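Two complexes, one shared chain (subunit A), two partners (subunit B, subunit C).
So, the complex of A and B:
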């Protein structure tokens, strides 16, 4: 008797997973052509990016990174960043790193193409803001593994679904910070723009976006960090690179290999973060008021 | 051409649509703004305002924060839309402008200087100042040239390529002023432009504004909460309180007959001799002859008006001197040119009465008042000055 009151009644069970299955099935059938195009585009992007990344000799990366660190911060930072990159090479993970970087770059690039316009539209329409905010929250809270399954079904196995899943996971902070950046432009500056007869487009490109630039750059930084965080997870659907090394180490219980690969991901994250942070600081320095 | 401004029964109300609707219905009910807010929840920022600003006038609205003065000035370029009533600038009713007409009005006829400067922090001084022309699509060369003129005018030459964050507060506001001047507006709106500056710089900026104002032909509406500033600058002043105008008039009229105790209190700390300027107590001109006028005509007019002499200007209204009726009667010349007597007693209209006093004491007649370009603007009567200083 007590059990009947205590336990959740089975009559109320409603398994809506079938509907999601059906929806994704329907998507892959009805829009199969579309996902084929997406697949082709992403593959073409990989060709381009990997060509550029692959043709560059390893020492040039290290020199360029040193110069970037030096110009953005100081000689010490330049040396530190270059040394971290050198360590990745020493670990024997250089080509894996290039592969992983290609996934990160393409995912961030697509996130930018989607995130920036969405953030702008969101700042202009309070209705869109109300719709998107809970969705963005959901996207960020949902366990990132969940994106892998539909990505797999729609785009097959390998690095293309990896880009797809990474983009979905990484785009929310960029949207959110683009939105915030534009919303937080000083009220009087907006008024000044209007009072001189700017058109809405002039307002956007000459005032709002430039004023929001450092916030948007911070969003881009976060997006990149999220993309790095997806590296291991996306290797579960067949993306190779450093993530795969970690995965193999887990399966074979190789503590050493696992840590070496894991640290390599940390180094990539540090390097990308420092670089983007440096660029953002540059904006802030010239823009700072009061 | 400067423009005149007519405000007719204009109100500004903030709140949700329902609240505004309810508040608008109560506007004629003889309730204060506070009472309407309690009743409806809507904020009446400006209530049933009606007055006129003449063309070329430097008009100051003064009041404490929350009195509605900033809400009012924002209606003149429609940053705030009036809930009802009309605003007419140079014969054009702003509330009836279409979207593109409004844009043109903002681009060409009006501009605004903001309390916190509102500079574009991502642009250099030059790029800030040329912004109003940039949005109009003026070619780069041309707008650079115009902007440079404005930068020179406010004394910022040499700072063109600096970023706003490298400048002091006073210099930033000069950038704000230069930016507001580049589109050569007929109506210049200044919303507490000097309130964020320290007193010494503020004083400086006020003097410079007067000098600038003197050389250009435009209507200026100036908002401040500082009575001293209001009296130093204004041709006429309106004192606002609780969304309504308490008193409107020349500085002298404020001292002469303050409307109520609130006004009296407000002006209690103001030192008249330091603040009252020649222009604020000068009389309007009577008949003025022009160089080249016929002796016969001039004589006839003076006789008819029973005047002993009259002032003479050139065709640009630049002061030349005076002619006496006596001399006209005797003369056989055709034009009055040779009879004009030079007069070096002319005083600058922005001089403070304290500065003008020695000249005035020595003078036998009324004194001619001129502006920065030497144009005759009015006469100063000895008796008026004594009266003004007496109480």
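So, the complex of A and C:
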């Protein structure tokens, strides 16, 4: 008797997976041309970014990183960041890092193109805000393999679905923080803007966005960190780079190699994080002095 | 504040109680079966699980894990049984056996095929029978992930012995120079991804060539043909056709002592690739793997009843009714 009450009634089972299957089939048939275009665009971007990153000699990166760390923080930070990058090279992962960086940069760039306008629209419309918030939660919590397999069907293997998956995972913080930054602009500033008769566009570009800039920059930083976190998952769908080295090492139970590759990912994250934060701090300082 | 402490202490006591109850349950000896991400092992585990649950009255559970995790857990005893140990893919296998971490007690099957496969419609239309026949049709196998003008040969995960073998083949300029110029070997780090490329190509009647192995569900569902390699087998040179891998049943070191009767049953657990392939077709017809295993047990008494004593077989039969 208790089991009757306790267990979920089988009569209510309803399997809606067939409808999702049909939807994906329909998508690949009706929009195949669209995904081909997306594929070509991402591949062209990737080739361009990888070419630029790959043609630069390794020591130039280290020198530039040292100068950046020194200018943004101090000599010590400059040396540390340059040393971390040097360690990646010592580990024999330089070309893998270039590949991984290209995926991260393109994903962050696409996230920026999508995230910034979406965040702005969201701050202007409370209806859109109510719709988007649960979707953003879903994008960050849905296990990535669930959408990776359909992404593979629509986009093929390799770099393209990797950029797709990374973008889905990485874009929410940028949208959220753009939204927050604009929402939190001081009311008095806005009222001042209105009383001076500024149009909505002037308001956005002259008042709201500049005020929200440091919050948006924080969002961009988080987005970049999320993109780094997807490096290993990307390699499960045919992307190369440091993530693949991690997978190979753990599959062969090579603890040492796994850590070497894993730490390289950590170093990439630290370097990108410090650079972005340094630039953000600079923005804040110049804003304050103005 | 007082009120808050009261509430907090009630919650804490509740949590402590829940843990105590959970801990008590944990003490029962539940047999753990390792489950990789391929279908045939899901099937064998259901058959073994059903027999030990209903024939021997022993609780069991499956643990889904990648092969290295399974091997490590067998060493520590966190996993009791691996019904499909693909021995060639576990580098430490012989050493582990010698060290006595776990024991090989039966060969589940050793008549499986591994190698490079193409869909039947590709073989028939373009007459591709061995790996060198691929060369003149390289353009239709092209993918954006490889160099312009080259075809792609999909590979299994890096770290599998067979992937090393195929890598050796694509390093062997002397014997395979033309193939290497025409094709790039591209290991895929997840079998789910590998299968997706295959299914996607097959459903769209597109060209596909890559590593695969039997017994797996794609071979039960699709017409796939193994490509021949005219050379003699040599692992280091990467030449020839891959010989079958022994797929064994292994148990952790303490298992024989704890469950001697189930140990005896598993020592008899020997099937073959055909049996497994047929079972995979049954699996495909059922949403629930357990239902498929039951149907198989009902229809194939001649295979499994000799593995167990008469009284165990009777109890299993009774549970199948």
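Here, the second predicted complex is superposed on the first by the 279 of 290 C-alpha atoms of A that agree within 3 Å, B and C clash if a C-alpha of one lies under 4 Å from a C-alpha of the other, contacts with A are read in each partner's own complex, and residues count from 1 in each chain.
Please note the rule applied: contacts are C-beta pairs under 8 Å (C-beta built on N, C-alpha and C of every residue); 3 or more make two chains touch, one makes a residue touch a chain.
Treat the numbers as computed from the prediction; the structure is a model and nothing was measured.
Visitor: Is this a clash or a fit when subunit B and subunit C both end up on subunit A?
Guide: With subunit A as the common anchor, subunit B and subunit C both fit in the superposed model.
Visitor: On the A-aligned overlay, A:191 touches which partner chain: subunit B = first, subunit C = second, or both, or neither?
Guide: In the superposed model, A:191 contacts subunit B only, not subunit C.
Visitor: Thinking of the overlay built on chain A, is A:252 touched by subunit B (first), by subunit C (second), by both, or by neither?
Guide: In the superposed model, A:252 contacts subunit C only, not subunit B.
Visitor: Can A:210 be said to touch subunit B (first), subunit C (second), both, or neither?
Guide: It touches subunit B, and subunit C stays clear.
Visitor: After superposition on the shared chain, which partner residues are touched by A:37: those of subunit B (first), subunit C (second), both, or neither?
Guide: Touch status of A:37: no partner.
Visitor: Going by the contact rule set out at the top, does A:199 touch subunit B (first), subunit C (second), both, or neither?
Guide: After superposing on A, A:199 lies in contact with subunit B but is clear of subunit C.
Visitor: Subunit B to subunit C: minimum CA distance in the overlay, Å?
Guide: Between subunit B and subunit C, the shortest C-alpha distance works out to 34 Å.
Visitor: In the complex, go through subunit A and note every residue touching subunit B.
Guide: Those residues of subunit A that touch subunit B are 186, 188-189, 191-192, 194-199, 202, 206-207, 210-211, 213, 286-290.
Visitor: Can you list the residues on subunit B that touch subunit A in the complex?
Guide: Residue list for subunit B touching subunit A: 74, 77, 79, 103-108, 110-112, 114-123, 131-132, 134-136, 163-165, 179, 183.
Visitor: For the complex, which residues does subunit A have touching subunit C?
Guide: 39, 43, 145, 148-149, 152-153, 156-160, 235-238, 244, 247-248, 250-253
Visitor: In the complex, go through subunit C and note every residue touching subunit A.
Guide: Residue positions touching the partner: 66-68, 71-72, 91-92, 143-145, 157-160, 186, 188-190, 192-193, 196-197, 200.
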